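Accompanying notes for the structure given below.
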Amino acid sequence: MAVRDDSSVELIGVTKSYGGTIAVDRIDLKIPPGTYCCLLGPSGCGKTSTLRMIAGHEEISDGYLRIGDRQVEDEPPVKRGTALMFQSYALFPHLDCVDNVAFSLKMRGVAKEERRAKAREMLAVVHMDRYADRLPAQLSGGQQQRVALARALITRPSVLLLDEPLSALDPFLRDRMREELKRLQLELGITFIHVTHSQGEAMALADLVVIMKDGRIEQAAPPRAVFNAPATAFVAQFIGGHNVIKVEDGSQVAVRSDRISLIPAAEGMVVDGTCVSAIVRSMEYHGAAVHLRLDTALTDEFSVVVDEAAFFASPLEIGDRVTARWSADHAHPLTA
Amino acid sequence: MAVRDDSSVELIGVTKSYGGTIAVDRIDLKIPPGTYCCLLGPSGCGKTSTLRMIAGHEEISDGYLRIGDRQVEDEPPVKRGTALMFQSYALFPHLDCVDNVAFSLKMRGVAKEERRAKAREMLAVVHMDRYADRLPAQLSGGQQQRVALARALITRPSVLLLDEPLSALDPFLRDRMREELKRLQLELGITFIHVTHSQGEAMALADLVVIMKDGRIEQAAPPRAVFNAPATAFVAQFIGGHNVIKVEDGSQVAVRSDRISLIPAAEGMVVDGTCVSAIVRSMEYHGAAVHLRLDTALTDEFSVVVDEAAFFASPLEIGDRVTARWSADHAHPLTA
Amino acid sequence: MRETRRGLAFWALASFFGLFVLFLYGPTITIMILSFQGEDGGLTFPMNGFSLHWFGRLFQQQAVGDFGGSLSRSLLLGLIVTILTVTISLSAGLAFRRRFFGSTPLFYLAIASLIVPSILVSLGIGLMFNVLGIEPAWNTSALGAHLTWTLPFGLLIMFAVFNRFNKAFEEAARDQGASPWQTLRHVTVPILLPSLIGVGLFGFTLSYDEFARSLMTTGSYNTLPLEIYGMTTSVTTPVLYALGTVTTLLSIVVITAALYGVVYVQRRRAGKGSDAGRGV
Amino acid sequence: MSTAVIAVPKRRRFRLGAIAPYLQAMPLGLVLAVFLVIPILTIVIVSFWDYDSVQIYPDFLFTNYIDLLTSQVTWKTYLNTIKYAVLVWLFTLVIGFTVAYFVAFHVKSATAQMALFLICTIPFLTSNIIRMISWIPFLGRNGILNQALQGIGVTDQPLEFLLFSDFSVILTFVYLYAQFMVVPIFNSMMRIDRNLIEAARDGGASGFQTLVNVIIPLTKSGILIGTIFVVTLVMGDFITVRLMSGGQSASVGLMIANEISLLQYPAAAANAVVLLIIVLLMVAAMLRVVDIRKEL
Amino acid sequence: AQNIKDVTLRQFGTGVSNLNAIADKVKSDLGFTLAMTALDSDAITQRAVTQPKSFDIADIEYWICKKVFPTGGLQPMDVKKIKYFDKIVPIFVTGKLTPESVIAQGTAPHTVSFVESPEAKAFAKQPTQWMTLIPTIYNADTLGIRPDLVGRPISNWKDLLDPAFKGKASILNIPSIGIMDAAMVCESAGLWKYADKGNMSKEEIDKTMGVLTEAKKAGQFRAFWKSFDESVNLMASGEVIIQSMWSPAVAAVRSKGIPCVYQPLKEGYRAWGGGLGIAKHLSGLELDCAYEYINWYLSGWCGAYLNRQGYYSAVLDTAKEFMSPEEWAFWMEGKPAAADILSPEGKVMEKAGAVRDGGAFVERMGAVACWNSVMDEDRYMIKKWNEFIAA
């Protein structure tokens, strides 16, 4: 399906303050139509507040919000063309799946038969037509999520907002639902704004990753750009898989953990532009790779990812001395 | 610290039935002293039931349980030398951290000053001495977890039981706590039995991974053995990173996703011993690697993991035709 | 297989509970036995024969007083109190979810309403109506007096209920285009229905039984408790007990039916199967 | 992007949401104002009035209070009432706690819990007065209990203290009000995370230690709410005390009722104001311990 | 115009006289509806004072009238409209049953029966045209005893405090009435003589209550009763074997087959009387109906109905016409029953040959020592009574 033009979202100087505390601080963000956008950041950074302001469940303290070509910050939720999927799904416990999905049609006064028929169609889209007559309490987490999705989609929103939709699922299911969300978004051609605090999830899903910290945006870019060129030390650390290293001139660089190689220890704890003496602090087996944490003079945390086969060819023990080295090409300079 | 000898655990034909349903079905398991053991399996497979039987909070319906050299299935929790850390931590909300940790000493009648001093020491071990006077409600999830750990450890148990200790934490904190758990286990030299349904967690932590299904043990082995030689198709699928492929003689083999290479499509959808024609169904960016899902004639799910740099050197699009191939050395035969 | 045993504590507590139930039912049972008094029997033991006489008399006119009228007044009053208690407490419960100016004094006023001794409320309302020249009646002043008793309970229950109520349901409804009124009608009320029924039942029982607050507020026509008490100023007969027996049996029937209904609905719903807790 | 929008001044619309709480709280406020505040004010005002045997006269006198507070009877009666309140509180607490504990922690299925609860509720649907007076034939000199006791040979004389005594008063109070203690305690107990009990056991606590160190502290709020109910109900009662003591015991409520019966409204009002203040002080002291709004 | 059938008069009073049978008869004889509400005596006082509009007809006792009438809720009745006014037993008019009788102490009905004018609130010393209450029923109370359990003849009020009956005696817990019983006991025991038992001085109140308090502390009393029913149950269940009692209550005990005697005593009776008053707000057709009702009340059927229950009615002549000669002889003349005496419901109350306790009407009402009363010192009295209960 083609991208829907009315699904662009633009935040201009949007601010949220709760009494004295400022939860979201003058953020600007432009999301092109048909984008899968992930809001990523540590707990309390303002992700949910931002999402709820877009949804219209939280008043915007200051700033403007545009969806498509309309300015909507004073509109109620229905008039914005957004739909929100709640973290706990918030399915109405007293209604069965059909009636849950048909709820918004009922509110608009659509006749019973018609709205139930439409709801069944929508349930079919999420493969839940078999469970149409069940109550939410009789559904598993994944099934509930699909119903919640159907309920959100039946209003034909141009923007779907999701607050940590996958966090309540077990890891197995999480992967499955992740794929399905992405498929749906491509199919519908609308914008998804998805809040998460898992960098893996954001990487896997997003066209646009927005990394927030303390109510401000640190970086907003496609995932590859974020991973290969983190803008700040915070971004590099938060998305993981990077070592942030201070270089001589006082500035910092980021080096991907899988771009570092370990060689037998040179004498002493040498520090130099592209290599450092280290002691193995801990090791974790991750199937295809082994993750090591090293004690170095450079940083608190120095992590290295080594291919499993290579690692076990000449295994290391905790406490072993090694030298870690990397190529200067792989050292990406950071702004702060 | 040296391994404590009395920390071995042995389950012999242990069964748990709730009324009619059998939750745990005659399992045998021998855990050597000082082992970090992870119980892994899908929801409802009986992990919690097993753990709670070891803890003594659930009666063993049938079978025997040995801890150290004592047979304990009829002993109350305190006498078993086990300590349980609850998933939700179960800190006493009316007691501050010190009193939470000192609880078991109080029960044993240790004088107030003495037990509070000891509790403070234990809080120091988990770096929580600064928060000694706070109530649980005033702590973050990670802090609560440390207090719970301190409370479990103060009884000097020979076996520490943990039911999904990390699932309530955000991913950032989860990694940190994981490292800390492992460190503690090595330091104390006691056995940890840790329930999880995250394969990554089990791999990263365990000396012994026990994979359960429907109340039975599918495989119990060190993580590398599990990853490189999954015993059954279920294990291969559950731990992930594998493709289970039917071969000519009707038996199945497992091939690691990262051991598969993609080459430009040969004609038609060819199936053969070590290669298969495929169409790219979806792609997920994972930072250092890209995960692809392919449609093939072989299995429902065919996944391939490609190094990021290699992938973007000659990127693929959804819908592209490719041929996936692997070396026969990497095809590991499965028992069922 | 080992048997699951119940500990000594269980049986000790179960016996205690049994004794408590016996304690609660002792008088009820006494009433039942005595309602079968012979025709010449009185309100006390010893039994003077055995008959259904008093049940028959229950449906005839009494020498003094009027069961029919006062009972129907009490039932009607109870019903009005129930409806008002439910709506007012629900409405106030909704209000109290937000801090608003005067919320704390209002809350403490409600608590005060609970602890002001009943005769004072009764006397005060009676005097007030007198001063204002309004005629007190069971459906005005007594209604108000009863509400001062049932509303605080209703409010406390609503607090408890709303503390456990997930606001996301309402936001979801708003998101789906429901107006505030539609949200209340189609989401909040249905979800809270069991609790609201609980508040209603509670309010009804409190009102149905209220004596002291009715005493000076009922006006010309008595409610049942007053009527019963008034009847004791003359010769009373085991008809009183017959009334007690009949109302008790009636409420047992109603409650059992309600319980059975709930279980029945649960069974039927469960019949559709459940994947809850399964990772599908 | 159009930057023109930035020039638009921020407007804040009037929102119904802002006054909604007031509208929603209004019915409650009105009922309480009309049927509680004004009547109580009336009583307070009248308590300063003068009266003779037939009329009351607007005035501003303290004599009603002086008479009341300087009389020994007042103190005696208040003491007696408080004695009832304390004893009834004690018994209902023990009973209420034990019953709630049994249903909350020893009955596993939710359906069974509900059924047991309903069993405890059914007697309350029979009129209070009928239930109260039916204790008389049970406890009387020739009542069921005495006959049973004599029948099984526990005593050969009927036990007189069973009826028309403090014993029967307290018994009836406990009988009438135990449920007011059971319900809030049960409610608190059901909110205790079951894992806490296991955590206590895991820490080596015996059943009794768990009770003292975990369950009781966590049930405090329920106990408190139940206490408020029971204490205020007993403090204001007049009918139970009169009927069950055979009129031989005094309570504040009874004293007020006697004054009202002879139309000595100002005296009754003064007495009522004192009672109200004492009860309010007691409750205020209890509320200091627990914020019930938070604990519900 | 308003139809008399649509009129409903609301009457309240104690269960003693608020009988449904009377309402039924009113409906059939007069056509309008009489709605009866039964209350206990405290509630009656409260309602009459605080809710004067909640009733049309008040059925109250004379001592209550003393408190209620001055509050203005009732309107005096014009005796010219009362057909049988001249035939009302003189106790309620002059205070003397016979011209020679001594006026009894206490709130004797005639002292509160009249006011000077329709607006007056103060009682008149002499009969006037304006009457506050029209008497309905009255009686002379004495001690009721369980002859099977007291074990000896009872002849004086002081026997109530005989230690032999420790834990088995009772008195009324209505302060205004209870203290009168106590006064009878004190006088009977020869402790002192009251100037006017119905209007004691503080000192007399102190002394009287002192005696009661002592007895209470010594465990003399089993219980105090407040309502008719309580007194019946106390006696019937054997909790109490001697107590001050109402005549119909004795009858009620006896009707259960339990022996009970309404014991005439040397010192005489403590009497009480009730009457009907008309609410202030009544006017027009309703007021006419109220007068009609009162005239009907005195016209005999009602009197007979009440007499048959052991009370006395206000106009004896009319009642006599509605009673059989045997009944009249038994109830009013103190003669042995010539035939079985039946209750209004048709139950046998007394077997043939029985004699009414206390004898004839004149013997009983002629031996009234005092009336239930409200004293000038009632404020003090209540205080002392509360003290007594708290003791």
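Here the chain labels run A, B, C, D and E in written order, and each chain numbers its own residues starting at 1.
Just so we're on the same page, contacts are C-beta pairs under 8 Å (C-beta built on N, C-alpha and C of every residue); 3 or more make two chains touch, one makes a residue touch a chain.
Quick caveat, the model's predicted, so the values are computed rather than measured.
Looking at subunit D and subunit E, the chains that touch each of them are C.
When chain pairs are compared by contacting C-beta pairs, C-D ranks highest.
Averaging Cα coordinates per chain places subunit C and subunit D 16 Å apart. Distance from the subunit B centre to the subunit C centre is 52 Å, each centre being the mean of its Cα atoms. With centres defined as mean CA coordinates, subunit E is found 89 Å away from subunit A. Separation between the centroids of subunit C and subunit E, computed from CA atoms only, is 39 Å. Residues of subunit E found to touch two or more other chains are 41, 46, 233, 237.
Among the residues of subunit B, those in touch with two or more other chains are 42-43. Counting partners per residue, subunit C has 43-45, 123, 127, 229, 232, 277-279 as the residues that reach two or more other chains.
Subunit C contributes residues 40-45, 48, 61-66, 123, 126-127, 129-130, 133, 135-137, 215-216, 219-222, 226-227, 229-236 to its touches with subunit E in the complex.
By the touch criterion given at the top, residues 42-43, 170-172, 178-179, 182-183, 197-200, 203-205, 223-224, 227, 238-241, 256-258, 282, 284-288, 291, 293, 305, 308, 312 of subunit A touch subunit B in their complex.
Listing the residues of subunit A that touch subunit C in their complex gives 55-57, 76-78, 82-84, 86-88, 90-95, 103-104, 106-108, 131, 133-135, 137-143, 151-152, 155, 169-170, 172-173.
The touching residues of subunit D, when paired with subunit B in their complex, are 193, 195-196, 198-206, 209, 213-214, 217-218. Contacts from subunit D toward subunit E in the complex involve residues 51-55, 67, 71-73, 76-77, 80, 136-137, 140-143, 160, 163-164, 242, 245-250, 254-255, 257-264, 267.
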